[in-house]
Amino acid sequence: MLITILVSAGVVAAVGLVLGALIGFTAKKFEVETDPKIEAVQELLPGANCGGCGYAGCADFASAIVTKDTDPSGCSACSDAMLAKIAEVTGKAAGKKEKMTAVVFCSGSFSRSTQAADYNGILDCRSASIVAGAGGKACRFGCLGYGSCARACPFGAIEIRDGLAVVHPELCRACGKCVNVCPRKLIRLVPASAKIHVYCNSLEKPAKRRKLCKNPCLACKKCIRTDENHMQMQAGLVRVNYSNPPEPGFVEQVKCPTGALQLEEMHRKIEALKPAAPAPKKEESK
Amino acid sequence: MNIPVKTWRFHGGVHPADGKALSNSVPAQRAPLLERYTVALQQNIGAPPKPIVAKGDVVKKGQLIAEAGGFVSAPIHAPTSGTVGDTVEVPGANGGTIPAIEIIADGKDEWGSGLEPIPNWKNTDREILKKRIAEAGIVGMGGAAFPTHVKLSPPPEKGIDTLILNGAECEPYLTADHRLMLERTEAVLEGAAIAAKILRVDRIFLGIEENKPDAIAALREKAGAYGVTVVPLHVRYPQGGEKQLIYALTGRSVATGGLPMDVGCVVQNVGSCAAIRDAVVEGHPLIERYTTVTGTPVVNPGTWILRLGTTVEQALTFAGGVKERAAKVIMGGPMMGFAQTSLGVTITKNSSGILLLQWKETSGYTSNPCIRCGRCVRACPMKLLPGPVSVMVESENYDEAERNYVMDCMECGVCTYVCPAKRPLVQHFRRAKAEINAKRRAAKAKQA
Amino acid sequence: MDTNELLMLTVGAILVNNVVLSRILGICPFLGVSKRIETALGMSGAVIFVMTLASFVTALFNRFLVTATFTINGQTVSLAFTRILLFIVVIAALVQIVEILLKKFSPSLYVSLGIYLPLITTNCAVLGAAELNADASRGLISSTVFGLSTGVGFGLALLLFASIRERLAISRIPKAMQGTAIALVTAGILAMAFMGFSGLVK
Amino acid sequence: MSEEIEKKTVVLPEPGSLVLSTSPHVQDGDSISKIMLKVLVCLLPAVIASIWFFRFNAVRILVYCGAFSVFAEYAWSLAIRRKPTVGDFSALVTGVILALNLPPGAPWWLCMVGSVFAIIVVKELFGGLGQNPFNPAAAARVALLVGFAGPMTQWAAPVTGELVSGATPLGAVQLAKGSKEAMAILGSPENLKALFLGNVGGSIGETSALAILIGGFGLLCFRLIKWQIPLAMIATIFVFSGIVHLAAPELTPGPVYHILSGGVMIGAFFMATDMVTSPMTALGGLVFGALIGVLTCVIRIWGAYPEGVSFSIVIANALVPLIDRLCYIRPFGWHSHSASALQIRRGEIK
């Protein structure tokens, strides 16, 4: 009995030794260098693969951070705590970043804008925009309302309310996907500290804007006259000066005749009564 | 010339109810002079023409008001005599807005094009004829609006041996070319002969669908004198597609991404031929065209000779307005035309028709899934796989769509016509083509 | 070993007793690496290679160590009970070596196979093939052929499955059924269809 | 003056009320429900034949399967809060085809299990019409064969309705295996005539090759199926079983027997040709049909199951994405020498 145990133990051990040696040999012979830091950084990144950093995905960005000294703050979806941890791994100081958020510069929901036609086709902004006349709304500059941005958002921060895209700033991580997908170029990333926006993007003749929408910016410049430091003209549009945004009380002060200049909160209250649930990500991890 | 010519049958195609009976027996009528014309400043593919008149200028009928903005461009002329009004914006037939010049008519309608007639064109230099065609602002009047003089200047190494006249008019409802061939038979043939002289070819085919027997008879009677062979073709949409027509008449297939001249052919619309003749023999630039105003809701459907700059609203008024509620106003035919949202669209050089459809006649699109019945595959004249490709586009897989030759799609609409699930296939392909083109432009910009 | 018998063995291992669809072995990589045809082909290649090699090597071990009896000091010693232990060690070592080589020579395939390559280490399909060989007391050649055809059977099932899943990926599947759920339903239907082959090999 | 008045009475379409969509603006009148209705019409001969031969049993099974299928689809629509899709008649088509695939002695619960399996598991779980990779009726038949072998072989003699077992033509082949003489008797002209007309045992709808051929002809006339699939399938079975028959007459009866017996006809015309689960291109159809033919013969001749059509169809369904991948068609104007044009298209050269 003892012999059986000894022999089998010996044989198994010998086999193990031989194979182990073989593995060791091949591992040495065909070694491939990898940096464990890359994996560590990748673990810390959000894993949404949103592409907001300009790289193909989180894995790509991680290797860029480690090998090419890219600034990890390029990831807009990372919290500051995460950035600090990444800096710990790489041993490099993380850059500071200002929290940004996306804003859809339009207030023309279906009920508040004039309809030019009855659109019958694919319910997607980018598909609708290639049909002559583009969607049902008469305004050539406004939100089409078919939700391409909402589908593109990896964080579920955009909601379509009555044919108008509305951003929930608390969910938005400013990855910029919606900016690129909007065929009307309505969405911009602005500092999240700004709470007031001019919700209109129309370059139509001001007289015509009134016919197309209930809340157009008529470019009367009342707001600019009220405070030139906070408001400005940008490429024919009245815009908040985002390097020096006004305080929330500014809306009361100006009393915009059409309501295009609006508090973000109010704008959302009118359009979005219920917040969108964040889209579940990371399906099937294992 | 009654010699039967061998024809080839292209893959797929459909035969929609053609609705031509509404208007094909009505002689074309010349529209009365309007008080004001709104002439759009972009009526051709390529560079937009540059306006050369200012508000208040007095112009004669046919006078140049915008010169060509490059080689691939066509000048624009005043549709009547009068004064130049405001520069306004008009909705374009395929979306967006385009600048336009208003011409306020003085009612005299005096010619003053400054182009000398060349009745003896047979003994005139080819370059002079070509220059005349360019000056007259002639473009492809079938739909694409490609400047004709560019088409007539193929590189010599292409070895052009065939001129094909496109009189197929395969789009349902439209009868403008039909009436034109019937009423201006000799003008069409003479224009073709001029084009053939410029191209130095002696083989001229005129492809025409068999559903226009009166036009075929009229053409055949006179075609011999001009060296044109009239070839009746099967009634099958899209028989008038450039590549399909070349294949049907010569058996040559244009390579994917290629042009007709790669196989030694030049295709001209019959309307353009008549315009060539007018420009050369009469010295008249292109300021009016045959346009069909039709559809079941229209009170008096028919073909009208409309001046460029007439609005759809005015054209519909000529035709007596509507007797039934129209769901769609379409510029062009039902298969490839553009649905309009306003009646302020103006007649341009390529407006072959204004079609009104009732709700029950139009297509209602759904978001139904593809049931893979394969009808689109059987029907596609380009031999693509419309159904599967549309599913790829739906899931935004443009690379896969590109590998499946979505860029070869000519948007003829056959797949969508036959789709029992009523999927908006053409819209998917337009989207894919737009996305792929944008990607290519971005890649090119990156390289540069 | 006559050819007919080998043919039966092959057909049996590929169709009738398909390792995935009939024996329900190796489900983890079957579900995990079947999202795209390219990775499925890579995985099939890896499995075929490992399985053939493992079947051969384990058959050797089986012949000269496991089923052999030694007489030491007049006592007969049989190592039969160490069979699974030895097989696992051998297979694990083999996979390790394959993995190292793959990482060196085809990094893209290595990345796309991801976690599933190490999983072949403890893949019941590979071990199962070795065990089935040992149970049936097959010789060296027939063991290797069985390993190869079992691997081909795995590859066939994986390829079929991957092509269906590529189509499923663009289908409008109800949210609750997306991913693994519908994949398992598909596998079930496929497994039932493969039961039609039963009786081909007596 | 009169002209002025006339102008004012002209009615024009109102902008704002117009419909905006891409071209084309007209469509042919066909729709999914019309297609399914046409399929039902084409199924009529087989349904009539089944009732003729199996009387009340056939009626019972047809009603059960049709009702359970439609009900399952309706219930699912309610459960996932979707607009009910029973109006497209696809569930009814599935139910009828499944019924035609069941033996005359099938109990009601077998019909229910089969219908619910076909509609819910094989079709709706995959997303409904157009999304299912497997033919619902074929997969349901496979599931029933595998799961309920007993009830699935409750055969009955035609017309008399007497319940017997092993009385199908293919069952007879299994029994006759090994005997050249028995096979020769099976392949006799009288026997073949009975098979053609359908006066034999078997699933209620598959016995009469004649009735199915009439329906299949209808399908071809309506252009609802690709002729390549049934042609390739039947031709392959003919050739394959013919060769085996010549080489080993004791193993299998002649090729005509194979084509006329069992589910070959109904499979070739009504199940393999299901547009959702068959390849899209003509070449793909040929490959697909040939594949089913080969698999059917292999299972019938050497396998344990007497019949292999539904197994073969489901396996071939699984191969459709691969077939679609390999049997693509080139676009019009694709020449091997047009490489430069291809490059232009891809943007490689300007």
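For clarity, chains are labelled A, B, C and D in written order, and residue numbers in each chain start from 1.
Note that in this section contacts are C-beta pairs under 8 Å (C-beta built on N, C-alpha and C of every residue); 3 or more make two chains touch, one makes a residue touch a chain.
A quick note: this is a predicted structure, and the numbers were derived from the prediction, not measured.
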{"item": "Separation of chain C from chain B in steps, with touching chains one step apart", "value": "1"}
{"item": "Chains most often in contact, by C-beta pairs", "value": "B-D"}
{"item": "Geometric centre: closest chain by C-alpha means", "value": "D"}
{"item": "Centroid-based (C-alpha) most distant chain relative to chain C", "value": "B"}
{"item": "Chain A and chain B, separation of their C-alpha mean positions in angstrom", "value": "44"}
{"item": "Centroid distance [mean C-alpha coordinates] between chain D and chain C, Å", "value": "34"}
{"item": "Numbers and ranges of chain C residues touching at least 2 other chains", "value": "171-172"}
{"item": "Chain D residues counted as touching two or more neighbouring chains", "value": "15-22, 127-128, 131"}
{"item": "Where chain A touches two or more other chains at once, by residue number", "value": "116-117, 120-121, 130-133, 138"}
{"item": "Chain contact graph, described as a line, ring, star, complete graph or other shape", "value": "complete"}
{"item": "Complex contacts: residues of chain C adjacent to chain A", "value": "61, 65, 70, 72-73, 75, 77-79, 81-82, 85-86, 89-90, 93, 96-97, 100-101, 103-105, 107, 178-180"}
{"item": "Of chain A, residues touching chain C in the complex", "value": "3-4, 7-8, 11-12, 15-16, 19-20, 22-23, 26-27, 30-32, 283-284"}
{"item": "Chain D residues within the chain C interface of the complex", "value": "80, 121-122, 124-128, 131, 133-134, 139, 142-143, 146, 295, 298-299, 302-305, 308, 310-312, 314-315, 318-319, 321-322, 325"}
{"item": "Of chain B, residues touching chain A in the complex", "value": "91-97, 338-342, 364-365, 367, 424, 427-428, 430-431, 434-435"}
{"item": "Contact footprint of chain D on chain B as seen in their complex", "value": "10-11, 14, 16-17, 172, 243, 247, 253-258, 262, 297, 299, 313, 316-317, 320-323, 325-330, 332, 334-343, 355-357, 359, 361-363, 365, 368-374, 377, 381-385, 387-388, 402, 404-405, 407-408, 411, 413-414, 416-422, 424, 426-427, 430, 440, 443-444"}
